[in-house]
Structures are given as structure tokens and as C-alpha cells.
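The letters A, B, C, D and E name the chains in turn, as written, and every chain counts its residues from 1.
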Amino acid sequence: METKDILQNLVSGIAIGSTYGLIGLGVVFLWQSIERINFANISSAMLSAYLFYTFYSEIGMGFFISFVLSVGIVALYGLGLRYLIHEPITKRGGGRLEFVVATLMICVLWLNVIIVFYGGLPKPFPPVFGKATDFVRFAGVSLPVVYFYIFLVVAILMAFLHFLLRKTLVGKSLRATAQNKEVAQLMGVNVNLTTSLAFMLSTTVVGIAGILLAPIYFVSLELGGGSIGIKGFSAAVMAGLIDPYGAVVGGILLGIIENFSTLFISSTYRDVISFLILVAVLIFKPKGIFVWSLHRD
Amino acid sequence: MRVVNWKKILLIIALALVVVYPFLDKNDYRLYLANRALIHSILASGLVFLTGFAGQISLGQAGFYAIGAYTSAYITTRLGMPIILGIVCGILLSLGAGLILSIPSFKLKAFFLSLVTIAFGQIVYVLILNLQSITGGPYGFFGIPPMKVGQYYFDNKGYYYTFLIILVLVILIIYRIKNSYLGRSMFAINDDVIAAEVCGINSKQSKIFAFALSASLAGLAGSLYAHLAGFLSPEPFTFFESSNFVAMAVVGGLRNILGGTIGGVILTFLPEFLRFRGWENYYLIVTSLTVVLVVVFMPNGLGNIIFKLFRGKTHSHAIHKEITTLRKEKEGGTK
Amino acid sequence: KVALCAPFTGLGSILGDYIKKGAKLAVEEINSTGGVLGEQIELTVYDTAANPSTAMNVVRRALFSDKVVAVFGPNMSSAVLGVHQLAQQAKTPMLVGATSPSFRFTKVHNPFLFRLRADDDVKVSQLVKYAVDVLGIKKPGVIYGSTDYCLAALDVAKREFGARGIEIVDAEQIKEGEKDATGQLLKLKNAGFDGLIGLTHEPEAAVVVKQLRQLEIDVPIIGFSAWGVPAFTDLAGDAAIGVYSVQGFNPNDSELAVRSFVAHYKSKWGEEPSDPAQAYYDGIYLLAKAIEIANSTDGEKLAEVLSNQLEMYGVQGMLKCDEHHNFTSICYISQFDGESWTIIDKLH
Amino acid sequence: MILQAKNLTKVFGGVIANKEINLNVEEGTVTALIGPNGSGKTTFINQVSGVLKPTSGQILFKDKDITSLEAHDISRIGIARTFQKIRLFEKLTVIENVLVARRKFFKCGFLDIVFHTKRLKNEEKEQLDIALNLLQRLGLADEAWKMPGELPYGKRRALEIARALALEPKLLLLDEPAAGMTRNEFASIIDIIQKLKEQGITMLLVEHTMAFIRETSDKVYVLNFGEVIAEGTFEEMEHDPAVVAAYLGEESV
Amino acid sequence: MSLLKIRNLAVSYNGIPALKKVSFEINKGEVVSVLGPNGAGKTTLLRAISGLVKCEKESEILYKGKNIVGLQAYKIARMGIAHVPEGRQVFPDLSVQENLEVASVLTSLNRRSGKIQKVYELFQELNSRKNQPAGTLSGGEQQMLAIGRALVSDSELIMVDEPSMGLAPVIISRIFKTLRQIVQEQNLTLLLVEQNAKLSLPLSDRIYVLSQGRIVLSGTVDEVKDSDLIRQMYFARE
């Protein structure tokens, strides 16, 4: 095998892995701010992609307006999740598991709603990030243009979320709220606001991801569940749900593992291999690969 | 002397209906659904035990279900062994898988664990697809023999009673475990592992036990399904099926001994009853919406509502019947 | 009263829509001209969720609860294999569009089971023939999906290449939903393939051709029926130019019957039909004709008529039940030119 | 000697929480462990009870090495503890909290449970009685059927002690049993401790209330920065200049 | 004028009353202690003031003349009431520094770091653990952090629930000295719930004794110091 091919495989792995990381960012962010795993969040990617498709390709609005509109609607969707799902469940004494099940079912719900309105056929995404045959070539390696947009956005979002969570008071208040809502209030944190912010920002991040991923995943049901959801989730969990950087690195690692197990072992068993590695990582580093500090009781 | 207890009468009528149902309804389709509902109930009861009582999460239950199904199918069809052996092997193999899967649970907290179980489910699914010589892969596995007693090949009626008896036994056993010191230990671990350990409870053992039991029940359900359906294909063993099982447990009520049954029955029949004319796209929307609404507005499940109707109030979970009576004695004594 | 069982959710939801639209068009046409034996056809649609286990539920419902005259679908071969015995048990004809050769009459002997499309044995054989004879492929590389549909095709391809003394240099799998085929394609390249045989579903087909272009691997590409549809070319865009495919139906066929069907379909649904739409459209007409000939809706009589007497001129030309219980074996070899599929050859 | 710690060391990342601690507890006595905040007292108790594994060193219980045993094994051989930050089973009733700790006294097996034998029923009844008695002794009889969340702080402490006693331990480790109590409330805890001592239960306790230590302890160990800086009777310690400087402060309480 | 005035404050849990029509007031600059046996309702009182539990209808809590009953907890906190809750509730996964920063939300920007620095000076134990997750601190260290959080906020009224719990004697005397000092220096008002009467009495201006949800005794320290109730409850063995 030529080194050029191996390099190409590596680059493709990083590229596809960064799409997992992009979804993982939303997962980490929500976990850090309300300690919940929200499967309905995955739907935001699909919703924003379909919305953008409708606004841009079907109605013919401009790129910018379509983008803002679809991401804005998805942000509101986050707010809806909070008030229609999270709050009522918490109020009636439901825990995390109930939340997981409810959001999983919302995920299924959206898939079926999309089928009713758009049918099951994947739609081609308009070539706003370059055409299907536009590639950037360098050093014998090539990559579709859209990935450069993805890298850019991943870098920006990752840095932004990290900065928000770790460096700003707002972010620290978000995390404080997740850990002890009552005491956070005693500190004067507007828990109401931070919770809404947490939901809206996490759907927004995944919503932006949806539009960027659509050229690769197509405007399709796949954006709303199934493998990308599980892989985004894995990316976040590999990093211990702690840090946005971790989510991206976790995603990229997953992408590389997948591509190399295809190349060197077997394309049929690539999922088995990457999942086994994931499980092994979790067993040997139960809090994620990037977490070293020991917590006690 | 006493006023007629209409609730009790209603309960008896309901039970009687369950028992004679196959003779009342001649519709083969509904009876078949009832059988699937019973299978789902067995599996979901295991999940209620695992999640509601032992506090562990599994989003990979379809994996055990598959192991049970394919094992029994293989042993009876390819090796020509008796069905009972197939079922026992199905249970044993998924029990083994459950034991292995319980290992990560020693170290991992809830959501990390749920990912491991998802991964387990996916791995099993991929293996079914690719181990074609054993599972038939995507073509499916055909010609699985139906159950029989002597010369009587089971029809849907035969299956109904077999499954019903199994389900009742399963519930009885879970009920007894729940109300024993074992159940109490599980609730304690669920609450605070370290405190429980310090009270002399081996949390690893408990987790292994919980995983093993729920995995065996899933395996049992799977092998029953294999013989009921007569053929297998990979599609019923995906992640969405696993989450559907969890939904059954939650809709029925995670802390309710009958939660699995209630959820299993409802979520088996609901989508089928919603297949009205022209609803081929909408029925799943309605089903998932129903689950969402139930979870959001009754996070304790429908089981609790039904229990409340019959009891007037729900029992705080681990309070034993004997303890309650004893308590009454004691209170009566002091007054 | 007729049942249509097709996938509207899950993996196969791509097909469900076409199937429903084709069947509905036929039902409306027949009903507007007075129905069959003076009665209107009532089409009930059921979702199989592309899951044989669900298919089992709905077929049972159609047969035993709703007591339909005939069942169309399921459209998935493994589901057909799972449920066809129910049709036999209920003595009700089952007409399916699934294409796997595994349930040919010669194999399962179910007198109530009929197929509305050319089966893959025929199509893939033609594909291989074309690949070898015309395209001159000597070292074929295969990329295939993980469903029964793809695997059955893979088996036929292996057999046919083998029969021509040609060895497949490498076969790689891309699972449904995967979006990166770099590893697979590099492996094929390293195996030195000189032509790609595509046996995957539409989205993966699009991924594969895009990445072939990206990696600048220049070999002829020929895909089986899932590659010869707009769902693939829409997604792949320019990357699909030059791809060959073997199709069961091509809306560009100049036959009068095809042109009129395409026109009707377009005016009703506002889009072009694809082969499942055509297959089930013809299927409904077949059933209607059979009922008229049998002058009854009795299942056994219908099956008898369908398998022995019926001959009908449909969109696909002459439809008649052969020894495999297939009604047609017409297929096309076509090439995509960036706009539509140009027919290179029509084979019977 | 019922408990011996030999060169016990525990390191967290860069923090040395326990540094070569040598500590002995005589059977039948009450030994106190005091020291400034963060000096490693809780860490010591965590290691003895098996909640934390030592970095190095040895723990002997009745001359047997228990260093590598797990928490549940340690509790079964007769070491019970309470927590500094109260940890009750919040979803179980008060009586069930105590019953959980009676687990090791059940002799019935899995089959007894499945067949719901007479033996099991009797055992459950027996254990329930014992648990109720324990609650009575700690003044919790009226609360038996409440949830722990409904109890005020003092009673939650008492419940934790009751739960530890339910294990019928030989050695009881108490981490700040009197925190948050009024004087006459902790007088009742002192009573309990004295009664337990009479029953032959050995105790190792951590407390910051000197009056409490004075009344209860036979021997005192003083920790500072993870090291034992002094040991002796309370009176000796009270006047040890090192202890006063590190822990008691000039105007000792 | 009184800073905090409470009238007919009643709270019950599941229908069981925990506070029964309690009335009292605190003037600006005062230190007031609340004493009482376990379960008397002291914690409940503080929680009611800061809006963490619902009060019955007739209750009135006037802070600077404004009724704050029914306001959300964070709004009450923003009006200048700090509450150090019982049982050292730190944010376990936030570092010590971050815990203090979150608590400084209400402090004006330019004074935040100064105030945080002050806390580190007061509790040197925390200074060396700035970046340690608060959940891994020792019990006493957590308590220091909890008190420290109240000190970094710009609140006028500070309510402390059992500050001495779990602290070493040296630290306790240090804390009480500091409290006395900052009350005087910054003209703060302090509401203290403390079991250690020996410590809290010298610091306090006035005292309320709660028992079973009612105020059973109140007055200045000198007035009540020699009462039987206080002697019996707090100095029984001395």
C-alpha cells in the first residue's frame, strides 16, 4: 500500500470524524449545562437541514436568510424541549432515564413527521458549499470542499463552547446549575435563564452542524438518528462528556479507527471493531480518555 | 357483612378475560399480536427489574433478544435438537452475554454504561448480518420448527397459554426478589453504592445478578419469538427495537412490578390498532407521541395509574406485605 | 378489497412512496371506469417499516382480520420469505415487487406467490454480461450493501463472473448509512480493479461515485437496479455522469404504453415514476384482469387464473406468468448523461 | 489490638492525604482521631472501611490483613462506619435503611426467595424486629415509616448510627457523629457511645468538639498534614503545644 | 428601620407544619442568632426567607420594606440576601476558584478578584487547592468554601446555617472573629443559626429560640443568657 493512500485514508478519517465531533459538541454542551443526555437534540440536525432545504431550494430565499431562519427555528425547538419535555418530567418526579426515553421517542416522532412531509427519499443538498465534484487536492490527498467549511466551523464552535463553559461566568453558572440547582439560585444565578440557554445553545450547535453535514449525509432521515447520533454520542462519551475539545478529538479518533479498520482489517466488521475499541476505552478509562483527576464521593 | 368490593370483582373479571381470551376472539391476527405482546412483556419485565429496581440502564436489550432467538433457532433447526433444549441454550447464551456486559457496569456510571450497551447491541446486529453461515444474514433464517406437545403442533392458542404461564412465573419471581432482602439491597445500591457497600452489600454481585436476570429474560423472549414466528431476520434486532423495549418498561412504569407487562401490551397493540385506512404514515407519529406524552405527564408510568385505581394509593416500593401487616400490629399495640 | 404492504418508515422508506403512488394511480383509473365486476377497488395501505417482523404483523392483519382479496407486497425479499406461507394458508394471492431470486416458484412452490418485476437473477446476469462483453472488464471490483437485496445480487454476480472464468478481485461492503468509502475504494484500487460493480442502495451509491471522483480513480462503473433511479442521480449530481446501470424500467422508453403511463403519473403526482411505481401499477391491472376472468374474488381461482390463463399487455409490454412465477423479465442497460438515463439496450 | 494501621499512606494526585500513619486501636476502648481540616482523618476512615484503597501500607483487623478487602467484605467481618456527610438511602424508608444493613444476617438463599419459604418469612420478621428495636434505642421509633428526607439533621445522624449498629460491628468508625447537635442532644450520643462501649464495641471516632472527645475517649491521635503529630490521653493532648498550635488554637474551646 | 421583618411565617411539609406563625425582625447592622433543638425549624426558616420553600398564604417577609414572599430564589439573592446552606453544598465538579467566581455573580466587576483574594487569605487551606474540584475537598474545607462563597457576594444580609459544623476549633474561632470583623467593617447584617451557643452568644446582639416551629424565647443576649431554657439546652454539662 502506498503511503499516499494511507495518508488519504487518515485525512478522510479525520474528516468524517469531525462530523461526529460536531454532533458530539452539542452532547457535551448539554451534559455540562444540565447533566442530561438529549436524544431529541440529534433531530435538530435533521430539522435544520430540511428547513434550510425548504427555505433555500424550494422557496428560493438567500443563503444567509435561510441559514439564520433554520438555525433560529431549531433554537426555538430547544426552548420547546425544555418547556414541553424537560420541565414537566422533572416536575412530576421523573429522572434522567425518563428524559432519555421521552427524547428518544421525540427522535422517532420527527423521523416520521419528516416522512409525512418530505417522503423517505433523501434530497440533494444545494451546492452552497461547493459542488459534489469540487475537491481540494494537496500532497496527493484530496478532500471535498465542504469539509473545509466543517473544519472551520468545528474549530470555531469548539473554541467558543470551551471558552463559554470554562472561562466565562455564564458558562460557570451553567455548570453550577447542573450540579446543584438550588444553591446556584442562592448565588443569584437565574436558573431559569441558564436552563433555557443550555437547551437553545445545544440545539443551535447541532442545528448548524445539520446544515454543514447535509452535503455529506444528504438532506435525509439519517441526519435525525441512527448512526450519526450514536457516533456523536460516542465521541462525546469517549471524552468523558467533560470538554468540547474532547468531543472533537473523540470524534476524530472514532473516524480514524473506522477508516483504518476498513483498510486493514475488514469493511464488514468495521463497526464491530470500532465499538469494541470504544468499549475497551471506556472500561480502562471509565471517565473518558481525557479525564485524569479522581473524584471521590 | 362487608360491602361488595367492586374493584375486586372487576379485577377478577379482567383476569378471567385474560385466561379465556383465545376462546373469545377467533381472529388469528389479534391472537398472534397477543402472543407477541406476551413475549414483549417478558422482556420488558426484565428491563423493569434491571432499570427500575437495580438502577442499571440497557439500550442494547435487542442484542440479548437476538442471541436467544438465533441460538434456539440454530439448535432446533440446524442441529435438530428438541425445542426445549434450544430455549434453554438461548437463555444460557444470553445469560453469558449478560454476565460479560455486567463487567463494565462496575466502573461506569449510567450514561457511559448506556453507550456500552448500545455498542453491544450494534455488535450483535452486525454479527447477525455477517455470520451468514449461522444466522442466514440478511436473507433471514427459515424453517424454525413450531413448538409442540406430543403430536399437537402449537397454534396461536397453544402459544398464548404457554407464554402466559411463563410470564406469570416471571412476574412472580421478580416480585419475590423485589420484596426480599435482595430487592432491598438493589434499591440501596441504586441510591448510594458506597453506603450500600459499607452496609455489607456486594454491589458487583448485585449488578451481575441484575444483568444476568434481565439478559436471560430477553434471551427467553427471543427464543420464544423464534418459534412463534418461524423465521428470523436481522431487522427486529436494531437499536430502535432496544429503545422500543425501554419505552415499554417506562410507559408501563419502571418501579412497578406489572410495568413491563402493561408497557409490553400497550406498545404492541397501539401501533397495530392505529393502522387505520390511510394512516400508513401517521400511526408511528401517534405512537411515539403517545409514548412521549405518557412519559412527560406520567413519568411513573401507566402502571401506577392502574394500581392507584385498584388500591386507592400506591405502595412505596420496597415495603413488604408482611412488614406492612407487622407495622399495623405494632401500631395497634401502642395505641 | 386489496392490501398494499410497503415500507414507509425505516430503511426502505425510499421505495414506499413510489409503490403507493403507482398502485393508487392504477386503482383510481380502474375505479373511474367502473371498477371491477361493478365494484370499486378499495386499496388499504400498510406500513411494513422495512422490517420482516412488522411485515408479519401487517400481512396477518390483511389476511386474517381485514380479509382482503389479494396482498401486494411486502417489497423486501426477506419479508416475502417470512410471510408468503401465510398467503398460502389463507389461500390469497400475494403479488410482490421484491426481486430476490430466492423465492422463485421453482424454489418455494407457493402457488399463491407472484412477482411483478424482473428478478435480480435476470438483471444481474445481464449486468455482468454487459460488463464483460461490452465494457471489457477483466478484473471486476464489487462494492455491496448489507441487505438481502444487495447480497442476493452479489451471489449472482459471483456466479456469473465465475461462469465466464473471471475472478472478482475484491468485494467490499459499505453498510447502509456509511458516508465514507475511502477505505473500501483504496482497497479495491490496491487490488487493481478495472471496473466497479455497484450493488448498494441509492445513498451509498452516491457516496461511492463521489468518492471515486475524489480519489481520481478512473474505471467504468456499472450498478444494479438501485443505481438506475433518480434517487441516486439526484444525490450524486455530476459525479454520476457516465455510470451504467441495469434497470427494470426506464421512463425514457419510447414505447407508447410507457409514454402514456409516465404522462399520467406525472400529471397526477408531479414527478417521474420509477420502477417500483410501474411494477405495482401493472400489478393492480393484472389483478383486476384476473378477477374479471375468474369472475370471482375467490383466492384459489384467482391464483389459478394468474398463473395459467392471464396474459396482459402492460406498461412493460406483455406480462405473463413464467415458471418462476415472474410476470416479466424485461430490463434495460442505460447510461446516465447528467440529465437522464439513455437507454443503451432493452433486453427481454 | 483490634485495629492496626502500619505505615498507611494515601496519595491523591499531588496531595499526600495520609503519610505513613501508624495507629493502634485497643479492643474495648474509644479512640479519637483529631486534627485540622484536611489533615486526612476521613481519608483514614475511608481506607479502614475499604471505601478507598491505600497507596501503600497495611491495615490489620484482629491481626488479619484486610488491606485488600473490598468494602462489603470489611463490613461483614465486623467493621461499620458512619459518614461525615450523611449518606442515607433517600428512597428507602427509615426502617428499610436499617434493614439493608441486616443483609449479612440472612441465611436464606435465592431458592428460598423464589419459593417464598416459611424460613424466609420468619427470617424477615426476625430481622424486622431487630431493626425496630434498634430504632427504638436511638429514639427513632416514631419515624420508622418516614422517608429519611423528612427528618431533621440530628435524627438523620442518629439513623446513620442505627444503620451502622445494625451490622453488629466489633469496631465502629464514627466520622463526626456530633456535628450539628445541640449540647443536650449530643449528651444523648455520648450516652449511646458509653452504652456501646459497655457492650464491648470498640470505637474510632473523628470529632471536632472537644467536650465530646473529653467525655468519651480513652486515647487520642492527632493528625496534621496527613501525619500523626501526637498521641496520648485527651488531657495530654490538650496541653501539647504542637496540638494547640495546629488544631486547638490559643483560646481553646 | 428593620432590614428584615417577618410576620406570621408558616411553612409546612406535606401538611405537617414545620414553622407556625413565626414573627421577628432584624435591624440593619445587627447580629441575630437563632437557636433551637434538632427539628425546631431553623433551617426551614432560612430556606423560607431565601425562597427555597413555599410559605403559607398569610406569611409576610419584608426585606427593606418589600414583601419577598413568592419571589424566585435567585431574585431574592440578587436583592442582597446571601444564604450559606446547611451541609456544605458546594458545586462538586467546579474547582474551588470557580465556586467562588460563580458566587461573585452579583459583585461589581472590579471588586470580584479582590473579594476572592480576601477569602483565600482568610482560609489559607483553600488557597493551595484553587484548582481542585470542590467535591474532593475534605468536609471542613468544603465548609470553608461554602462560607467563602457568601463572603464574596456583595450581600447586605448574610444568613449562615451552622457554620461551625465540622470545622476544627482553630478555624471556628477564626471564622467567628472574621464574621465579627466584617459585620462591623462593612456594616453587614448577620442571621446566624448555630448550635454552639458559647461561640455565637458573644457575637450576637439578640437571640431567638425556636422550638417545634415556634419562637419560645427572644431578647438581647444579656436578657436571655441566664434563662433556664438556654442553660439547659446549651450548657447542660458545664
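In the analysis below, contacts are C-beta pairs under 8 Å (C-beta built on N, C-alpha and C of every residue); 3 or more make two chains touch, one makes a residue touch a chain.
Everything numeric here is computed off the predicted structure, so don't read it as measured data.
K.L.:
How short can a path of touching chains from chain C to chain D be, counted in steps?
P.N.:
Shortest path length, in steps: 2.
K.L.:
Considering only mean CA positions as chain centres, point out the chain farthest from chain A.
P.N.:
If we average the C-alpha coordinates per chain, D ends up farthest from chain A.
K.L.:
Of all chains present, which has the mean Cα position farthest from that of chain B?
P.N.:
E
K.L.:
Averaging over Cα atoms per chain, report the distance between chain A and chain C in Å.
P.N.:
36
K.L.:
Counting in whole Å, what is the centre-to-centre distance of chain A and chain D, each centre being its mean C-alpha position?
P.N.:
47
K.L.:
Measure off the straight-line distance from the CA centroid of chain D to the CA centroid of chain E, and report it in whole Å.
P.N.:
29
K.L.:
Report, in whole Å, the distance between the mean C-alpha point of chain A and the mean C-alpha point of chain E.
P.N.:
Centres of chain A and chain E (C-alpha means) sit 43 Å apart.
K.L.:
Which residues of chain D are in contact with two or more other chains?
P.N.:
12, 51, 83, 85, 87
K.L.:
Touching at least two other chains at once: which residues of chain E meet that condition?
P.N.:
Within chain E, the residues that touch at least two other chains are 136.
K.L.:
Counting only residues that touch at least two other chains, what does the list for chain A look like?
P.N.:
As it turns out, chain A has residues touching two or more other chains at 112, 115, 226, 268, 271, 293-294, 296-297.
K.L.:
Spell out the residues on chain D that touch chain B in their complex, using ranges where they run on.
P.N.:
49-51, 70-72, 75-76, 80-81, 83, 87-93, 95-96, 99-104, 106, 110, 113-114, 116, 120-121, 124-125, 127-128, 132, 144-145, 163, 166-167
K.L.:
Across the complex, what residues on chain C touch chain B?
P.N.:
8-10, 16, 20, 44-47, 49-53, 56-58, 60-61, 63-65, 77-79, 81-82, 85, 100, 102, 146-148, 150-152
K.L.:
Mind pulling up the chain D residues that touch chain E in the complex?
P.N.:
12, 15, 35-43, 84-86, 150-155, 176, 179-185, 187, 208, 210-211, 215, 246-249, 251-253
K.L.:
For the complex, which residues does chain A have touching chain B?
P.N.:
31, 37, 84-85, 88-89, 92-98, 100-102, 104-106, 108-109, 112-113, 115-116, 225-226, 230, 233-234, 237, 241, 268-269, 271-272, 275-276, 278-279, 282-283, 286-288, 297
K.L.:
What part of chain C is in contact with chain A in the complex they form?
P.N.:
Residue list for chain C touching chain A: 7-9, 12-17, 146, 172-175, 177-180, 182-184, 186-187, 189-190, 202-203, 206, 210, 213-216, 231, 234-239.
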